[in-house]
């Protein structure tokens, strides 16, 4: 029972972070209909920002206030100058934008490698190694804080999308771009803002992950994959779906690691991904209608 | 007939290369180039002609390589059997996959291929007893000289290009392009789109698997990370296709040449040009430039992707008229 | 189309021309030694340490008159950590640069791909780090290895268990799914079974996991006497941090080489690293000639710490130079013959290429056990080289200050 | 049994019925018009006949055979060709290649396919533009290409979906001529058309639907006089 | 007040409008009629800025609309209720209405306008928390019109509002259009439902193959021989 509960807690805590990673991707995919294969790389970049700030004595949680705006601007720039121009390009492969994100991801990784080498960087804080216990179940302090902040961000995002004109415009663009244009939404600007927002959100995830994980240029790829699986699980453009997707993936990985073996962790994620694509296209969103 | 003259001429030149060029280093690069011609052309058929972009070519490449390697480790037969069977193993993996996943369209299919590759990679890593896991498979290459490998690679490349040319000019080729252009219209013209997508996938898997088997034989070493590699195989295959020109017969061949050259150029600091210049001129900064360039070779790759997609979305062959116009205009300006 | 081919052939011609002019250009009157290392890519950190060690050793040798008056000139080839690129590098060294001897070889896979090339072209290859067992089990007579193969890393652990940790009966075995992790965990498992120990948990994992709690929870439930981990530095640190979080209390935590000896491990894991043992191949306190000097010179020259990989490279350079000195002529064949007769005391330990078991031309070395004590890495086993006494069993987490 | 028959076809999308119990029969050699206002279910009916949509219920028979469960390509092979209301040219192929791709449904060598294709192109009058990329054709050319392609599959029954829409008067006359030529060639035709005088001129019989249901059937004259048709099609007089 | 002068419009390489000119006068109901594919929807899309004319100008109250992006056009008070409603299906009715009032001015009066819209369409008030995708066809049309009204339009352009509606609902829709017009909104209507629209409009233009072929008052056109043959007579 303890083993089960500990696994459950581990999975849910990890899932909260995953949700935050996924929500940026789900927004971008929902609005632009493209898969951003540089998503994890953006997170990696934010982690380096956190790292640099940390060497200057800034706590990782405060670096949220720097990393998020920075990555927002970067996302805006990428969308504006590299991705938007492709919409008009006449080419055989409609996946050009996706391939572009691959290129962007590679370039980001290598630029970082250039500046920081491949060495592992890490951030140790007073709470990095702290734990508290509920009964026999241990909770990592840093992961629990991260979980709390991640959920707070996700909820804030939810209300932003539901309650503000900008949020509604983003949702409207995702649902029907032309109609949104007719309502006076500058959809070009919306895609740019959305990419910025998605980048800022994944940057937040990076800041939260930094104290419990470590930092190296190649860490983006696996997280891009996770973000994508979460998005497919949750359904495009759905914040609530991203929470479901994140926690489901976190739980599946943890349970799989405990009861199958840790080497199957990634295979489990991939299998869920293919199964959902085949049998539940639209993800959880289709079940919950949110 | 005149159309075929140029490729035949080129083939003759390539066939004569080892007689003139005894340099193993260049032969090695040429073998890699020829291998990429095979992989790039195969990718081009499924992505460029049929319009089903694959992000998981490494899956088929790895199947071919592991077929060859496992035959050697488990049955003690020559890895050359891989060249006979590797392609078919890749097809055997590809067909059921395609049967299930071709109901997804566009980017979703692309990501399913990526997932296939990841599953195979993890599988090959975990199934240590069978595949040797990450320790990999090491064999003694059959030939000391590169020349036999060169001719085998050349034969594969020529055969794959010839088959590609034949395919695109026959019924399946027309059907593939029809599917790419408009799947609904294709259906109404009596095309079993699912079947023909599978055929296209089978073709691509076959040749990619063959290239994998060649790799095993030539390199003498594989492990899951080497052959089921997203960046080094799958993305490289896409780059070869895009840089050369998707949906053109010779595009990937041009792409393979450019990519192998560029890769080696960055890795070796423009073939030691800067180092040499530095040594000759005695300037340290040139040596440093060479060092920086070498360090940045993957970065160069990434930027190349960005630039090519932005400015040459149809590749060198596809956008050749555009390039020529630009270059001429530049000439005029200068 | 036609124009394009014309363009391509021009590029090819230029390429050839550049290659032709640069190839022999550096042939001064020195002796060229090829070095294959990962200088970019994810393994570049160690490639860099090894490169610096090679350069340091070569500078020392050249300062003392070089090889019979000729200076050693190092030609580095970047393998980027990828076997095919590594192979290109070796091909280039052999056929373009015509080097009489190659050394280096960091990752197992690159080394495995490069060794047959050296063998086929009959150019001696002195491996300094690549540890996959089978590279020296193929009977290659032009391949030499200075470092012990992966399967021998835990030898010191075995003798420690035999003499001190007699009450260790059950073991949990966690390893990264890499060539090194898989092969060394396999051989450790065989050794442990031979010692009559019971493996209660055996789990591989993909490097880079965020959360090891699921398997650690399982380990905790199995309550082993010893946890043996083959992990790279950051996974190692996470494993220890999370073991602490979960209050897992075996009698000893042992790292199987790789990440557990690096300073980053201790810094990143913090107090969770205290008391952790690790197998290692070298520490600078070992009584080998030049070991201390090497470490301190390295620190002086580059301002950073070296570790066993660097010592391997440093020693390999001396081994190569020694063979070049003794060789009848500077041809691959004669250098190889000289290498066979190597008997040299190096900073990394004595080097002699012998055959044992299935292995040929393999240097046989002891391995050591180190332990983190109050943030310092101390050699604790065998007793003959110990700098501090081992702390055994490791105190329970709750009982630490 | 009729040459071609549609029996109580029903198609629901979500909860809404797009087609709700349409039945008709077409005799061999006939030109059969299908009319109705926008959104009345005409194209959905075509989509069910040609296999793009599986009917929610109801059946389709062709030459005595049930075909409503067959995939689109099989239906094509049985001899039912179609054009699309929203034209679907294979844009980056030449006109000739478009038609060759279609001709391959009957022959398998390149030589024969090309021959067949050229014959269809000749028949439909696209010879002057045969080497032009399909995407650069103007709308009339695209409509004609749709027909040419369908003809190259050698259909016994041809479904034409708003072939005349967007054509100017000259082009209209040409289109009507072509349709009549196709019929004279022995092909049965079902045609959806909005332009009244076109459909009234060429149809032998007309079937009118609205809201997915049949409202009238008969000769053009009879249907044109039908009050339900006038109301549905032209709107009730607004007083 | 809205003046379209000699516009040529292309989809890629494909020309769909040739030299189209017409004007909409203050507070009238103007109808564009024509067959499928005649270019009616294209004309509306060009006015609202979704498409750019290669030639010609569009002027409204002294402002060149053809030089503005769609969001600026709506700011000028020219609002387009698109064909097939195009509601945001996953948003509630109320959210759809809010989406209509994004321009700064409309925003300020959002609450008021919404009251007005609910007055016009009491059904919408009942359904305001319901996802737009779950509404019936007629209700969706109401919501789409309401959404257009939320922008406080000076000119409201309707693209086939009767599409797919039962005759009784079609009548309702036209009733509403007339009512909106009476409240002071100029209406530009595109319809296939020729007889009814010609009966209710002030003036009309006939489009054929991307060209204006006829213009006149609704009555005149109803009696025109060509119109009779092509659209009314059988």
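As written, the chains take the letters A, B, C, D and E, and residue 1 is the first residue of each chain.
Simple rule for what comes next: a residue touches a chain if its C-beta (ideal position, glycine included) is under 8 Å from a C-beta of that chain, and two chains touch if they have at least 3 such contacts.
Because the structure is predicted, anything quoted here is derived from the model rather than measured.
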Each chain counted as touching chain D and chain E at once: none
Chain of greatest Cα-centre distance to chain A: D
Centre-of-Cα separation between chain B and chain A, whole angstrom: 32
Chain centre separation in whole Å, for chain D relative to chain A (CA means): 48
Whole-Å gap separating chain A and chain C, where each centre is the average of the chain's CA atoms: 36
Inter-chain centre distance, chain C versus chain E - centres from mean C-alpha coordinates, in Å: 75
Overlap residues in chain B, where contacts from two or more other chains coincide: 122, 125-126, 247, 295, 298
Sequence positions of chain C contacting 2 or more other chains: 40-41, 177, 204, 206
Those chain pairs that satisfy the touch definition: A-B, A-C, A-E, B-C, B-D, D-E
Complex contact set, residues of chain B against chain D: 169-171, 174-175, 177-178, 181-182, 184-193, 247
Contacting residues of chain E [partner chain D, same complex]: 12-16, 35-38, 137, 160, 162-164, 166-167, 170-171, 174, 192-197, 199-200, 208-209, 229-232, 234
Interfacial residue positions of chain E with respect to chain A in the complex: 48-50, 69-71, 73-75, 79-80, 82, 86-91, 95, 98-100, 102-103, 107, 131, 147, 151
Sites on chain A touched by chain C in the complex: 2-3, 6-7, 10-11, 14, 17, 113, 117-120, 122, 124, 128-129, 131, 138, 140, 209, 212-214, 216-219, 222, 253-255, 257-258, 261-263, 265-266
Chain E partner contacts - residues on chain D that touch it in the complex: 16, 37-40, 135-136, 138-139, 162, 165-169, 194-197, 200, 211, 224-225, 230-232, 234-239
